[in-house]
Each structure stands twice: as C-alpha cells, then as structure tokens.
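Presented sequentially are two complexes of chain A, the first with chain B as partner and the second with chain C.
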Partner chain A sequence: MTAGRWVAVAPVLTTAGLAIVAFFLSLWIGPEGWGLPDNPAAAQLVFTEIRVPRAVLGFLIGAALGLSGAVLQGYLRNPLAEPGLLGISGGAALGAVMAIHSGLAGRIAMALPMAGLAGAAAAAIAIVALAGATGSTTTLILAGVAVSSVAGALTSLALNLSPNPFASTEIMFWLMGSLTDRSLIHVWLATPLILIGIAMLLTTGRDLEALSLGEDAAKNLGVDLTGLRFKVIAGSALAVGAATAVAGAISFIGLIVPHVIRPFVGHSPQRLLLPCLFGGAAMVLFADVLLRFLSPQGDLRLGVLSALIGAPFFLWRVLASRREMAP
Partner chain B sequence: MTANAREVLTLSAESIRVSLGGRCVLENFSTRIGGGEFVAVVGANGAGKSTVLKALAGLITPDEGRVRLDGRLLPDIPARELARAVAYLPQDRTVHWALGASRVVALGRLPHRSFAAAESATDQAAIDAAMVRMDVMPFAQRPIVTLSGGERARVLVARALAQEARFLIADEPTAGLDPAHSLHLFEEFSRLACDGNTVITAIHDLSMALRYAHRVILLSGGRCIADGPAAAVLNNDLLAQAFGIETIVTTVGGIPIVLPTSALT
Partner chain C sequence: MAVDFDGMRATLRQVAAAVGEVSRGEEVLRTFDDRLHAVRSTVQSRPTAIAYQVGSFVSGPESLLDAALTAAGYHNMARDLALGAGGRLPLEQLVTTPPDLLVLANAPNDFRTVLADNLRHPALQQLMHKRPSVHLPMPYWMCATPKIADAVEILASMKATGFAHATTPADERLAQ
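Right after this comes the complex of A and B.
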C-alpha cells in the first residue's frame, strides 16, 4: 500500500513545491529585474503594495481556476469542461465591463470588482434557475452555454456602444485579464470568497470518483447528487466569480491544468483536485513572472499570455491522446 | 437486545407504478424478495425489467406505491446505509475516466468508509476477494479503457461484490460475457445466495434463468404476468405470452434448457 499512497501524495507535493517556488519568484522579481529598490522606504512600499497583492492574488486565482476546472470536468464527465463553461466568468466580466462603461469604475475604486461579483452571482442564479437544482448534466451545460452567450453578447454591446475610445480600450484590456495594479483591497475582497469556494470544491472528491461509473451507480454508492450539484455550482461561482471580478478573464488555466496532471494521478477525479489547485496557482504565477520579463511596461496581458502558453500545450495533449487511443 | 446475525432482510414493492417521460412503464407491480433468494427478472425488451430493478434499488421513486427494505420505506433510509445494504450494477458499463481496474473495484467500498478516511485492511480484503472471485486480478493495474467489454463487465461486477451488500441487483450482468465467464458469474451469484445474500438479476438467457434462479418474475408490457419458482414460470404458454415465441423446454444431461424455436406472429 505504500506505493499506492505515494502515487497519491507525489503529485500534490510536486505541484505544491512548484507553486511555492513560483510564489517566491513573484515576490522577488519585478519589471526592473531581481530584488527590490535600494531605497528602504521604496522597497517597503513596492513589496507590500505591489508585490504581495500580486503574488497572493496570482496564487489564489490560479488555485481557483485549476481546481474548478478539475471539479467541473469530473462532475460533467467531460474533459472539455472548464470554469468558463458555466457562464460565471462571463457574468463576472459583464458586471465589470458595465462598471467601466457606466463610468462608475472611474469614480469609485471598488465599483469594478463589486460589479464583477454581482455579475457572477447573477450568472450563478440564472444557471440554477435554468437547469434546476436537480437534473441532468447536459441541461447544466446548455444552461451554462446560454448564460455565457447572453453575457458575451451584452459585453460586446457595451464595447460597441462605449462612450469614447478610451473606455473601449479600457474594457478590452480588462477583458484580457491581468494582475497588475491590484491593491491589498482587492486581496481582502477576493480572498474570503475564493477560500470558501475552494473549500466547497475540495469536499467533492469522493462523489466525483463515484460518478466515474455514471449517475445511477454513484447514487447507489451513497452519493447525494443534488448536494453535489450545489457544491459544484456554488463553489465554482464563489471561487471563479471572485477571481474574475478582480483579475478579468484568464483563459485556459482551468482547461489545461487538469489535462496535464490527470495522467500523473491515474486519471482519478478525486486525486486530481489538490494537484490542480497547486498546479493552477503555479501556472498563473509563472506566467505572471514571465510577463515581467517579456513586457516590463505591462502592455502584454496575463490572459493573452496564458492562452498563448495554453493552446500549444493543449494541442500536444490532443496529439498524445490520439496516439494512446489509436483505433 | 441481541440482533439476530442472520436476520432476514426483505425488499418489497407494494403496487408500484412508474412512468418515464409521461409513459407508464410499470404498473401495479408488487413483490417481496429476500432471505437468500436468487431471483431472475425476465421479459422482452421494454417490458420493464430495468425499471423494476431501479425501483427496488431506490434509484427511481415510483409515482404510486412504495418500496420497503425490511419494513422501512426506502426514502427514509440514509443513502450510505442503503448503499451498504443494496448494491446495484447498471446495464451501462461506461467508465468515464481511464481509472485502473483495482481502483474501480475499490469504489465499491465508498459506502463503508467515513469521509476522507483511507482504505482499511477490511476494505482491502473485500476488494481483493471480489477481484479474485471475478477473475480480474491479472489485469488489476491496467486502465479500464484498455480492457475488452467482457473484462470490463467483470471488473464492474467485482465493484458491486466489494460493496458486500446483502442485496445485489444486477441489470443484465452476463451481456457480452463469454460462455465460461457467464457460467462462472452465475455460479458466483448462486454462492452468494447460498451464503444468505439475495441476488436479483435481469437476464435474457432463459436457460440460465431456469438453471440457476430459484424464482422468476416474468414481465410483459410493464406488468408482472408471473412470479414463482423458475420451473413453474418458464413454460411454453407463459413464454409465448411474454415474448411471442414458441419454445422447447427440456433437459439435456440433467441440465434444463429453454430453446426458442420460432417467433409467433
């Protein structure tokens, strides 16, 4: 049994190690290179006002996206599921965009993330209203697609009708996702919600493992399907909604991370969860550190970079699975 | 108070009616099963076999009537307690991820483990015993997607055995099994019944039903048309009524055989 234990623990330790390394790199590296400014007062300011919020948010947002992706793939038994599928990130983005569009974000600093949270909550309520508290996973996917389509259309409308070119540029940049210029207030706002969401998602492991055999067998093994559905939707809404509200849309993390890790945990939906939490955190933090080298002025956005890294990774997985599943 | 270790559990349906998508698929169905019986549920496609099994396992709630386990209504029994009493093996053999075979069998122990607890020695013993019984040890470590249909079916039966429930409800467990493994599976089911467990299985192989089952429930068009000892139910008249076939029921070398000869039109 020790070998079996090791199979379960090794991926957790590896990804946690990577996430810790990435976290310290994020604290240590700035757009000017290694370390902090020589002036102690400036160093203190840069560290607490810029580096710490960015590293903490990077960790939590990556963890939320990676874990939510793993849980949704397990729950929907679909390897193409990702946090955006439920329409929650679309709702959060729409809320934030409306705050920018209305000019509210310019007047009140916290209006933007608060509007993002409101958008995420509205999307989650709409999904539950459409798909019901019980019911098939297909209905849930359809409801998610419907909600994200509506949110996407309204976001485009806001962009289309933006009062001036400056506002539309601001909306575009925000939609691309970023961790720059986030303050400690953003950290205080997002952290509790993300942590509650993560805690809910982490309790689903056993039920997801049983669902590998289908809903009837899972129910026969004692899984409460209604409770599971609530934990999946509410946990994702809290974690991903809060993440998107403060950082914008950071694509591909929730899709790629479970795919990369799955072969290392024997394809078990339960053993996938913790490594995806840390793996997501590591991937967002590494991408954000890389960004400071590639684009010290901050004009390259994190969401764009994560997609640029993620897409080839995904292509490689597609080719690998074609070789494994060769007919 | 000393509970009798061999206390007989019974699973009973009282005039249940089930409709799916607005269509009535099972009507006025009653039965009482327990005490080491091996029951075969037999009937044509769409006769309601799977519905009977799912209702007895508590997976679907009847529109009318009730299902009880040892006198208690199924909805009143906590999910995990019910899972330890009744194991259900679905007809659908899809396993959604490339899990290792032994990991699939281990899922049968979920109702016995408290939240987040690791597998105990008892769990491991039950898993190993189930795997040996279903002859799946040789591919214990292989991902389930690389197994053949019959091998996968045996792994899934082992999962249900590992659950160590007093009731085993299996929906067409022999479909896709080679003759040797079908015989072996029914021998296993007989042994479970001899040990005091109750086996309820839907099956299309009438000879196997006649040979192994103590009792046959014959369904036709969502109604029970016969329920009794296998030899009494599987006769030419009732089979003609249920399946629209002419049959020869005989014994060869002491083994009963039901041979469909022609379809009645």
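Right after this comes the complex of A and C.
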C-alpha cells in the first residue's frame, strides 16, 4: 500500500476501531457495573431489550451527527456549522413537544417520535423556503439560525404552558438528549431513516471536494449545486431528525467531531466523511458509557457529558491552530 | 408537604380547624385509623415491593407510598437501595432484582411523554408477565389525604390473597 493510500485509510480504520470498541463497552456496562446479571432469564431480557437498543441507537445517532456535521461544514464552508445550526434538531424537538401539548401524544402510540420526524421535515422545508433551492450559503445559515431560534423559543413556550408536572424533566430530555430507557421499537423506527440520510450524505463527498475551490470552480467542474443542496439538507433532516425524534437533541457532536478529525485527513472534505461517521458514533457511545459509570441512576444527561468530553478536544484544536497560524 | 401518616393527620386537622369543621375532621381520622388498624392486625410476613413511577422514580423512605407499603405489611425494597425520597431506580436494575410485588404508582399512559417511556418499556412489560403487579392511581398517594387508606387496603388485600388478584388495571392499559 502506498503512503498516500495509507493516509486515506488510516483515519477510517482508527475511528471504526474506536466505534466498535465503544459499541461493545456499551453492551457490557449497566447501572450495576460491568457484565450482565447472573440470572440467565434476567440477563437475556436486559441484553436484548435494554442494552442492544441503547448501543445500536448510540452508534447510529452518533454516526448521523458526526457525518452531518462534516457535510454541513464542508458545504457551508463555515467551521461553526453543525446540524443544530440548521434548526433540524430544534424542529424535531418542537414537533415532539407540540404532540405532547396538543394531546396527540396521549391518544396515539408512538405519536411522539412521529411528531419529531414531522417537526424535522417542517424545519427543513422552512429553511429551503427561506433560503431558496439555489441561493448563497450565507442565506442558508441565516435561515437555519432563524428556524432554530423560533423552534427553540416555541419549545420552551409549549413546555412553560404545559399542565404536565414533569415538564422540566421533559424539557431536559428534548434539549439535552438521552439514551435511557430507549427500546427496540425506537430502533425500528429510527434506523431506516437514519440509514437513508447517511447514504445521501455519503454521496456528497466528491462535490464537497470540488466546492472547497469555490462555487464558480465547482460549477465549472460540473457540480450540480441545486442537487447538492438538496442532498445536504434532506440527508441531514432524515438522519438527524430521526435521531432527535427518538433521543432528543444531543449537541456538540456534529460540531466537534469534524474539527478533531480534519487535521488527520489533510483537510480534505471528502476524506473527512467516513472518519466523522465512525468518530461521531464512537464519541456518543463513549459518552454514554461514561454516563452510566458516573451516574448509574440516570440523572446526568448525555448532551451535557458529550459537551464536557468534547470541549477539551475543541480547546486543543484551537491552541493547535493558533500555533499553526503563528508567524 | 406531609410524607407520612402523622403529617397527613396534622394537615387534615389544620384544614378542618381552618374551615370550622373540627368534629368532622376527627371523624374522618377515626375512620382512617380504624381501616389502618384492620389491615395492620393481619400483617405477618413481609414480602418485598417497589413503588415505581414515571421517569424511573421510586418512592423511598419518607414518602407516603413507603408508609402505605409498610402499613400494608410489605418491605419497601427502595429502603435497601439507598435512594432518597426522589431517587431513581434504573429499569435494568429493577428487571434484574425484581420485588415480590411491583407497584405501579403511575399507569403507563398517565403521561404519554418520554418521561413515562420506562413504564411502557418492553422489558418492564415482560417483567409484569412474570411478577404480580398492581396500579395505585395517583389521587390515592400524590397528596397527603385519608385516601391513602385505599392504597393500604388494596396492597393488603393483594397480599392476603397471595397475589391472586394480580391482574391489574395497568396490564389492561398496557394492552391498548
């Protein structure tokens, strides 16, 4: 294998290895420590109904967030871009909260995640309506910020007015995310949509590479910018929308993972995609394992921990980039 | 807020005095004490129980449900788990070491939000097929009123019949 080829493959293998290790750790840890219950019947129940859904969702949700962050940062050519910025996770949270508030969630089983998906779709449509199907990337960012702030404000308002005495715990779930007590039903619901979204996002690599030369150069290279925008927005809406609909909004993963991995792939947007997919999965799973280790009773939220783990990486990147830019 | 029967009695006397119905208040309390006494005199062995709520909260010591469980002749397993009054018990731990009687302090569909997903979780449903369970509606235990005697009687009658009546409203609602 030539050195160039090795540079391309090594980050993928490393992040995939980390994700696999994290996946098995997630299957192996419970609130009472490592391993499974001694009673075989209880062990089987715990493994198939509690541990497997948690690990599978952790992997898929992390993959969706990491990949979507990498694609959005490449497409918008903005280092602060992440799925939350486009308002997709905010829209999903709002959809779910509106289902609670309207009483829809009380009448139909699984109405809650369904409404989350509808909210994510509505947010994606609103962004395209505001920013146009072609338009500049700056307009898209502004539209995303507008949609996400409106969705955030309405989410808080609906929960403020809620008659539900547990509303504050409910807010915490939707705004900070959690994999606690997810079941196989959630896995079946979210997996197909996340996989379709991931597949769409993975096809953008070549176009993003061309786009890093600027929009005009990309057009000359034959990139269909309208098609690319559709794939970026629809892919993110499907993957991140489905993720948020079953586990709430887990922040920071989509922002931080591409930044950590970028120096190892020679700053190429295309080669960033797969490592970010696996890197996101690894980060969510490691955060969730640590969560069960630190707070077995489930009081600590996943989004909080992922931010706490992510922040040092981010600081390290900031300092490294300052050194690189120093005269 | 009152967390035991004495606290409830004090609150009720206070309310009765405030509305000028002292004698009726005493009468309500006498009925309550009679009902409690009738149950207490039958208590012999102490099977374990856990009062499981939305969000995996369980009622620990210093809660009305703990007082009800104790009065009805159960040992509240939450006491051994070192949880506070608002402590949580992860579903996985409940499934691993289940009590003799699972008390659902909320019906699975009292709250159709993510917070109550623990009560609708397939792992809990499977546990309820194997273990006796009973649902105590929230009005019995949420606030400190003599209604808690209803909860004590339900719990005691379940025990007296060897959990023969462990078909629960909760099961029916789950099937919906």
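By our rule, the second predicted complex is superposed on the first by the 311 of 327 C-alpha atoms of A that agree within 3 Å, B and C clash if a C-alpha of one lies under 4 Å from a C-alpha of the other, contacts with A are read in each partner's own complex, and residues count from 1 in each chain.
Here, contacts are C-beta pairs under 8 Å (C-beta built on N, C-alpha and C of every residue); 3 or more make two chains touch, one makes a residue touch a chain.
Everything numeric here is computed off the predicted structure, so don't read it as measured data.
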Which partner, chain B or chain C, touches more chain A residues = C
Contacts of A:Ala210 with chain B and chain C, given as first, second, both or neither | first
Quick one: classify A:Gly222 as touching chain B (first), chain C (second), both or neither.
-> first
Considering only touches as defined above, state whether A:Ser268 meets chain B (first), chain C (second), both or neither.
-> first
Between chain B (first) and chain C (second), which, if any, makes contact with A:Ser183: first, second, both or neither?
-> second
Could you tell me if A:Arg322 is touching chain B, chain C, both of them or neither one (first, second, both, neither)?
-> neither
In their complex, what parts of chain A are in touch with chain B?
-> 1, 77, 206, 209-214, 216-217, 219-224, 262, 266-269
Parts of chain B lying in touch with chain A, wherever the complex brings them together | 54, 57, 59, 79-80, 82-83, 86-90, 92, 94-100, 103-104, 107-108, 110-111, 115-116, 119, 124, 143, 156, 159, 163
Complex contacts: residues of chain A adjacent to chain C | 30-32, 37, 39, 42, 45-46, 49-51, 96, 100, 105-106, 109, 111-112, 164, 166, 169-170, 173-174, 178, 180-185, 248, 296-299
Chain A partner contacts - residues on chain C that touch it in the complex = 54-56, 83, 87-93, 95-96, 109, 111-115, 117-118, 121-123, 126-127, 176
